[in-house]
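Listed next: structures, encoded as structure tokens.
Heads up, the next two complexes both have subunit A, just with different partners, subunit B and then subunit C.
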Partner chain A sequence: MLPSRYVVLAAGIAGLALLPLWVTNPYYLSVLTLAALYAIFSSTWDILSGYIGQLNFGHAVFFGSGAYATGFLGPHLPPVLVFAAGAIAAAVFAVLVGLPCLKLRGPYLSLTTLVFPLILERLAFTFRGVTGGEYGITVASPLSPIGLYYASLALLALTLAVLLRVANSRIGRTFKAIGDDDQAALAAGVNTTRFKLGAFVLGAALAGLGGVLYAYHLRHVGPEIFGLFTSFSIVIMGIVGGMGTIIGPALGAYFLTLLGESLREVETFRILIYSSVMIICVMLFPHGLLGLGASLHHLVLGLRLAREPR
Partner chain B sequence: MTALLEVDTITKRFRGLTALTRVSFEVARAELLLVIGPNGAGKTTLFNVITGFAQPDEGRVMLDGRAITGLNPHAIVGRGLARTFQIPRPFKSLTVAETVDIARPSKVGTVIGALGNSGIGTADQVLELVQLKQRRDEAAGTLSQGDLKLLEVARALATNPALLLLDEPYAGLGPGEMARLTQVIMDLHRAGLTLVIIEHKLRELMRLAQRVVVLNYGEKIADGSPADISRDPRVLQAYMSGHKAAAHA
Partner chain C sequence: MTTSQSGRVIVDIVIFGTIWGAIYTILALGFTLIFGVVRILNLAYGAMFMFASYLIYSLVAGLGLPAVPSWLLAVGATALVGVALYVAFIYPLRDTLGRVLIVTAGIAIFLQEVAVLLYSTEPRFVPTVLPGGLSILGARVTHQQLLTLAVAVVLVVMLHALLTRTRFGRELRAVAQDTEMAALMGIPVERTYMTAMALSTALAAAAGALVAPFLTVSPEMGWSPLLVAFTIVVLGGLGSLWGTIAAAFIVAYAEMLTAFLISPQLRDAATFVIMVLTLVFRPHGLFGKGIVE
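Then we have the complex of A and B:
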């Protein structure tokens, strides 16, 4: 069971790495880059939300701070240091967001996490001298579009490998235990505070790296990155893909990004279709795309049972 | 020798309702103490205060001569004091073995080492102790009520405690499971673990316990040997007056 997951992951990444051989259209390539970046965001979201069960509606704070760090420091620092700055900025925000959230649970936690990106959005407007206000900051990318695609894919592979490694370790099982019952975890001697903060920081730092690439990719960073739709998208991708699986949310990100882009022509209905897909997924496939096989099996069994005479 | 656990004039109020009123008692090393009392007497609240899950309004708790009042529950576990919950709280995403494995063992307990080979026991050693080893790879959430109670004990033991608090470990067990649990408790007691047990099922434990503390309406009304307690008029009255059901236990 365990090794096969890594094999599937390696095969998937290899497949994605070969795609540019056929996908030469620059627009499609940029969509694929975006999908890889969203996969980074949703899988890093999953370590906190899917494992510890702290449904985080403000993940944009983390990759957004990485993106803004790129906007501020990109012109002054070599890319390596920009990446470091993006990860550190996100980690700092993880502690800032994480500390007040430690005592909160369920809807209270979710509402609190929801507020943070809105605060940052306001700050971006307020300090327009530094942030460029609603126009944001133009970012110069050190990489070509194809280079960006491979950088994003490499970061996705790294992110998934790190997260899977953690998730399948004693640390990951401790995360799950805290998610199941944090009082019982305390009784088992687990310092739940440290683990929750650790999950915040780990997920945020990796998301912050993704945020740097996101800014390079868009060649711009603006306050809309902290908008509600951005953060909600991550949650939707995670739920549709299958929470608590790391790979699932990444799949969900690819699925919904490609779906979203293919709906560009029907822009008006985009959110409607997007949301409908989510509702259908949650109702029919409670374990997400990754649990699709098992869910379909149950569905067929259920239908068959329903048809049988009593 | 000083007491391992010292509960010093603990008072706990919940919005005007006093759940515990100046409760004091000591637990000596290697002792098996039984805490009894009618429903609502404050027994679980007492456990919550001792283990850091609730803060007392007055008084303090000392473990091995050091105050533990105000410490986080996990830090108290680290000092060698573990507990179980009356209603099992399993980790539904984990297997039986994983449940025991995620526990953080304290450095002060000696029991697991005494029972197993040396040092802190492995998950399998702990499971063998409570006779759950054959269930090691099953999902914790799918266990029977009896096995869940034993898993509670196993998870607490995996923290390598010097003192173990069991909150109604017999509640919901069948006769066979009760015998299993009694055997586990006897083994642990014999190995030198200090135990404090809240229980209604008196007959099972009256033979094992060295001392009994009786709570009624948040106050300690008796503290003595099982023989003395069963003759104490205040205890009999507490159980007879409107608590007939408890008297049969």
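Then we have the complex of A and C:
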């Protein structure tokens, strides 16, 4: 696709990098860090869900395993190795979840991916000796809040660059072909198994790195990271931003995180806002924020047609 | 563990597995109706179960209404909500399975948070209709649980009669088998879909009414029943009553074995594992009449 996309991306990241010059309030800085992390999670979600078109309802497995790896290994290893461990843990889970999902499609894949984090959540509650049960594990961050912000932003830039590079290459076109019709892709000689597993592992490993930063940011990791709403909020961000575009889900993450925080009194309101925005999007703007212009055009056109006398 | 203790555990597993098997049968039959007839996956199915449970809590504990009218009212109201959701959200998206999946998930999350706002996350208790209990081979069973079992059996028999003995049942099965042919034969397909949705949510509500007295009512209570129903449908296949019943009891006994022998917290993890294993190794279900192409 056009190189201008990368220019816009670089400008956006540069803009975000300059924000701390004005945003000095530590609370707002932490919200911005969170938004960058969610943008990492939703854009990595998009490679499987948007490009191959298999709705993953359990992305939390990947960044959650990265976060738990940080909880387990943080005190014993230097940060560089913790990041490696987070990515490896997520990649291992990508193979574990990906293998049974290879034969599945549509709602079957979605519900299968949905139950994996729930199984991990139950295990984390049950084996409290290892995981700390519902209290989870306290994590010490090697980075200051501002350092964490720039680390998250750097990882976001890396993630978006890698994903866009992959998406706009032969591999990305193959992903789309598998998404359109995987039998046809298979008949055309595409090793769909390898590509599907590849999409799982690539998205997961980057999300696992994000999971390490997420644990540093929260200074804690607990079973709620595998909860239903954690995974669903990633799906919501991706759909609201516009699936199959990489940039869209990242925008959706920023949009919803900032919207949710600005209106936030209680957690409940945030979830109500997320779910209603998503319902409105699915009903009226199926291409999300990025496709808003086209969707509005369609809507107005439809209304005009409906009003025309027959 | 002494012999008498382990004997007691076995009796517990058998008795509670049977009661839950009956409830799961109802849940799964309701889920099959919408899945098999309308061919959509309704992720708000569990939210209907939750909605009915809270309605019964409000009617019985809040307004002090007697139990049986509260049950009937809750089942009727939930069926209406189901039809309203179908008309407003599912019907316009029905041709795209993925969007139905997303929108029904959104509705389920939305309703769950509405419940949090109205009732807080604190679990609520619905008073039992029949107090007291009895002891079967050393295991204590409440009268309420026996009533649940009896009502569940009656409901399954009634539903079976409805589907096999009435004109409506024949129309429903015709639409499930071949929608276009059914439409050509003059069956009002859209009306059949709406009735199937009403019946499906009514069954979810009935299951909610049956278990509310011996379960705590909480906002997130709908997700397990949804995943349990999906697992049973995957395991037992669509359109076979006996397949569904067998699968419901397999899931119920597996859950009870896990809960009593390993840890109660891992109860629904057992179901999730069954779901994944079935989809991977027996995608056509136990009895071959599978749903996965």
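What we mean here is this: the second predicted complex is superposed on the first by the 304 of 310 C-alpha atoms of A that agree within 3 Å, B and C clash if a C-alpha of one lies under 4 Å from a C-alpha of the other, contacts with A are read in each partner's own complex, and residues count from 1 in each chain.
Just so it is clear, a residue touches a chain if its C-beta (ideal position, glycine included) is under 8 Å from a C-beta of that chain, and two chains touch if they have at least 3 such contacts.
Every value quoted in this text rests on a predicted model; they were computed, and no experiment measured them.
By the document's definition of touching, of the two partners only subunit C reaches A:283; subunit B does not. In the superposed model, A:190 makes contact with subunit B only, not with subunit C.
Of the two partner chains, subunit C is the only one that A:110 touches; subunit B does not reach it. Contacts of A:179 after superposition: subunit B is touched, whereas subunit C is not reached. The partner of subunit A that touches more of its residues, comparing subunit B with subunit C, is C.
Within the superposed three-chain model, A:271 lies in touch with subunit C and out of touch with subunit B [touch as defined at top].
Looking at the complex, you find that subunit B touches subunit A at residues 51, 53, 72-75, 77-78, 82-85, 89-94, 98-99, 101-106, 155-156, 158-159. Those residues of subunit A lying in contact with subunit C across their complex are 53, 55, 57, 100, 103-108, 110-112, 114-116, 118-119, 122-123, 125-126, 228-229, 232, 235-236, 239, 268, 271-272, 274-276, 278-279, 282-283, 286. Of all residues in subunit A, those touching subunit B in their complex are 170, 173-174, 176-177, 179-181, 183-193, 244. Only residues 41, 89, 92-93, 97-99, 101-103, 105-107, 109-110, 113-114, 116-117, 220, 223, 227, 230, 234, 263, 265-266, 268-269, 272-273, 275-276, 279-280, 283, 292-293 of subunit C touch subunit A when the two sit together in their complex.
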